[in-house]
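Quick one: the structure is below, and I'll ask about it shortly.
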């Protein structure tokens, strides 16, 4: 128990260390890149938490946006701390509602329903200019006085929080139950798991973490329009990041976000202009064909190589005895 | 000890009544066999009692506790556990994790059978040979069946329904599972077994209930029931010998 | 002397992919063309101009990253670029930290003007939203007999702000706004709006959309046989040939046309089109002029001296494809605004497949056909 | 007469080799039962025959024709039918579609009469299927699905029928009838049958040959009589 | 007033036909492979560009363009399938989703490089005469779209229900291993469904060129509508998809025509309706309900 806590703290320190380093060395470009990367990592973690219950969402832009808009609009009213808390709670509330509505949906139906939801929410913002600023957007208070190094530190803090939440849901209490719900909800219910409640809990937590990512994002420059947060990009990005990094892990989405961004920047350097988006698409395809289990899967394979008495050999021994 | 009482329950799929106005008692303090031809409604019975498919009309009682219409997980809390005919567990979970799910979620203060304290104890108790850290994707069918029993036991049930837990098991394995079921029963759990292998029924059960087309066809001690003409005709076949 | 040979590095952040890629690439061509002109003539005080082009994808975070890279890593001498308001908001937020010379070819949201317009290093070429809508209303007023106006606008930032300002100025000008309906950019079906407008029979149907929308409205109106007295759109990069016969008599409000009567323009257009191998459109000129004003100001300064160049940018009059223009203060707090409603034009597509500038009178080569039928 | 010969090397799952080496032969009209405790590798062996698991080397001959390199799906066309364990059916299709689809997949130019004949044979064997023609296979009971799975295999008019625990989950009466029917099928249609089975007592009534697997290795092989008379092995493996 | 309603309904229905045409191929493919193929939208876009070029460069009739696009996209689909999708099909659904997304990004950006992001219009004369009945106008091209869209659907329906491949496709999607045991070449069947889906995408691309402008990004919105349509009707249910597209287009068209600010609302409302339908019927209007 104590030791696992220590390893966890070590892990969080390891996550935070590169950011500290960047801040210390004062690299404005890398700091900007890092901020964006970490925000997509937070969003991807949120997505992954939900996907562990078998709910593959293509609608996380909705929570991203609601979180961002919520905390931006509520901060002037409630102050920064309460404003953010309220914005993120709002996300949780919306997530609970959506979770309840999509509870019975399976696989592709669920995915399409979440996609529809994000499209509908976007329209809702457009048609309520009085409340939400409509299509002309809002001017949220800027985080950390607009200083990128401080913003990076703040976002890193948020990432560590998200990683902690993700770890809680990878713990003994939730991981097996979630996987059982994903794989065979009837079996889960027959094991005493309140399936509905856990599915909605996962939705709420995922929505709130996504909202946290959105709040960070909206607070970066002081101006956002709906088009900027409620777009397909934010629906798709967490999926891409998580699948490339490795699902059902905390490190996977973080590594995925870093690697995806790295690949993009490399492609930009190598190809430049418009062509790099082509490279980007091609790289995604190559990754999936070559590394179906993401980088985390690759990591596991490598680890197994270095740990001689693996599971496979043990079974063989039993058979032969 | 607790028994299950079913009062006038019906489960229909479209026009087909898989359970047809069924009334029966499963005695406490016994290992009861639930047998009947394929499609006679045995699995549906289990689904109904465990809350997966709520009956249309009628009542299901756990002892004196009505559980009709409760959610499956609530019924588990009330003390009824079941296994599945075709075990389908998440491949990526380990034995330990699968058993830990009901240990964590099926709130109850009843003791685990065999003095077990942990998932590993339960796995050993049920005769699972692979290490508890083995992933389920690597288990053979017979191990999966044992795991399914262990998982159900981890619900700390008062009543345990075993849906074809011994189908396809070798003689040796069957013997072991029979021993296991006896032990579970001895620790104070009412057990219902669904099996098509009469050798098992004859050795294990003190009471037998025969379903046919969703209705009760016969009940009584197995030696008696298995020789009834109606049961032979509908279920056992003419060449049947024990 | 070796120092002298170092190229002058200009950062060019633009949306080259993503939804704004169309305009971004046009602007890029204009900037490149202007830089090439200077380089072919021997450069600026013997130094070549080197462009460092970066794709912002039209995304704020990418824009901010690009801005930081250009200023901190590439250490550019000036930045010429930016297109699309939200991304440019992030771009400017990031640039603000190093305050480079920044000539901005392209965003029109007044939020930018209000927030960044007063900086002495910030020079904005493209009109602000209200300029464009003021010009549009001025144009409507110039047509005898126009009393009522129906507005259809794309429901995002561009269209919504446009519709808002248009309605405001139209009311001030005594025009009656009989319809103000949004549509989704890229929608395949404009028949709902067209049918509504048909019932209201306005003197002008004014569409504020992106190029695809403008073309599609004209086309569907023709197919459905709905003939507004005058269909007016705002230029967003589309060409006359895109419309075909459906474009007959459609009027486009724009910043610039190759047909406008500006002294020396015809020659410039001929050269530019030869180089481009295609029509030169308004947004390309935006990029060209942004770059041109910078190089002209630098040339006048005689060396790369930030203070002098900024002073020149603010005080000189530039001879551009728009005519003779200067950076002047604008209404909502901007200090250096190049194009205003005064330089805007209206072009009418003629049934012979050609087009003519019909407004304002001093740039016009033809009279407007109104009503269209 | 059909003759089916197969030999396998290193069949298993990835790095895990379950069957190091195995060879079997069956002739048309004969039945071979594969026996052995759970986890002995019966399923793995059968799957290896039809190319469903990783195999180091696989050689298949049917009537002298070499089918070693033939992909799994073609084996059905060559007359080798496989019924996996677990009563697997096409759950979203109806009973009728399950049967007709299986027939059409292997009989490109068959006439309606032979189709009807095959349908009738399936219904004679399992009358319940006739009553449930329009039920979704996925909603049938475990035993009903098992019947459908066997019927589906018979629709391709196999020369070799490979069955993995076909009686698991079947009522005693049906087990009896199934073995009778398999006996009929092997004699009348000259089909060779390979079957993994736990129910030895029932199987030996129709089986001709017997192969006992233990931990992936053939522990005992021979005719049913030979196995029955081998006291030691009978006790060790069959509990008789 | 009534003519206005009839007019609006007719035009919405012709839009429905366009959406349906785009969804037609996808219903077949999704029904078989269970992949949400995001690249379908880009296939439609490629079909539109091909039809456009064939007309603009060579003066070939859009009828011919549609057919040619169908063939071309069928070939491209086969190449894509063999190139990598076959492998991805064996992986889990997230990977499949991401793979088709990657493909869609790839094709979209290649198209932008090749043809620039600008919209273009095919100035072909209408394929059919315009229908004018008592104040109600239906443009000829919309009629052509409706006709071809319907034909596409009938073709998909026939392939699925009246050919041996239809059953094989369903078997293959249900349980690929078992299907192989039944003698079905699963790989071929998947490829076939993908190729047919691609051909339908190509043809529907031709329709897009007829009534819409041609631009590298047009596929994005269309494919999202197609997903909505498929979910509305029930995955793989072809008549269901037809009705789904009518619901979607009518909601959007009528809201836009008769509700103030409807142009914004319409799109959102259409998707809210999809959500509501799924709440009541989790497998779409005509989808088979989940089975054990």
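Letters A, B, C, D and E mark the chains as written, and numbering starts fresh at 1 in each.
Here is the rule we use: a residue touches a chain if its C-beta (ideal position, glycine included) is under 8 Å from a C-beta of that chain, and two chains touch if they have at least 3 such contacts.
Chain by chain, the UniProt names read as follows: A, E = Branched-chain amino acid ABC transporter permease; B = ABC transporter ATP-binding protein; D = Branched-chain amino acid ABC transporter ATP-binding protein.
Just so it is clear, the model here is predicted, and its values are computed rather than measured.
Using the contact threshold fixed earlier, the set of chains in contact with both chain B and chain C is A. Between chain A and chain C, the least number of touch steps comes to 1. Highest inter-chain contact count (C-beta pairs) belongs to A-E.
Between the CA-based centres of chain B and chain D the separation comes to 29 Å, rounded to the whole angstrom.
Here the spacing of chain B and chain E, counted between their Cα centres, is 49 Å.
Separating the centre of chain C from that of chain E, both taken as means of CA atoms, is a distance of 36 Å. The distance from the centre of chain D to the centre of chain E, each centre being the mean of the chain's C-alpha atoms, comes to 43 Å.
For chain B, the set of residues touching two or more other chains reads 138. Residues of chain A in contact with two or more other chains: 126, 274, 277, 315.
Those residues of chain C in touch with two or more other chains are numbered 17, 21, 25, 155, 182. Note for the complex: chain E touches chain D at residues 164, 167-168, 170-171, 174-175, 177-186, 288, 291-292. Chain contact summary for the complex, chain A toward chain B: residues 172-173, 175-177, 179-180, 182-184, 186-196, 248, 311, 314-315, 318.
The touching residues of chain B, when paired with chain A in their complex, are 50-52, 71-73, 76-77, 81-82, 84, 88-93, 97-98, 100-102, 104-107, 129-131, 133-135, 138, 151-152, 154-155. Within the complex formed with chain C, the chain A residues making contact are 27-29, 31-33, 35-36, 39, 126, 129, 134-137, 139, 146, 148, 217, 220-228, 233, 268, 272-274, 276-277. Note for the complex: chain B touches chain D at residues 13, 36-40, 42-44, 85-86, 138, 140-143, 164, 167-173, 196-198, 234-240.
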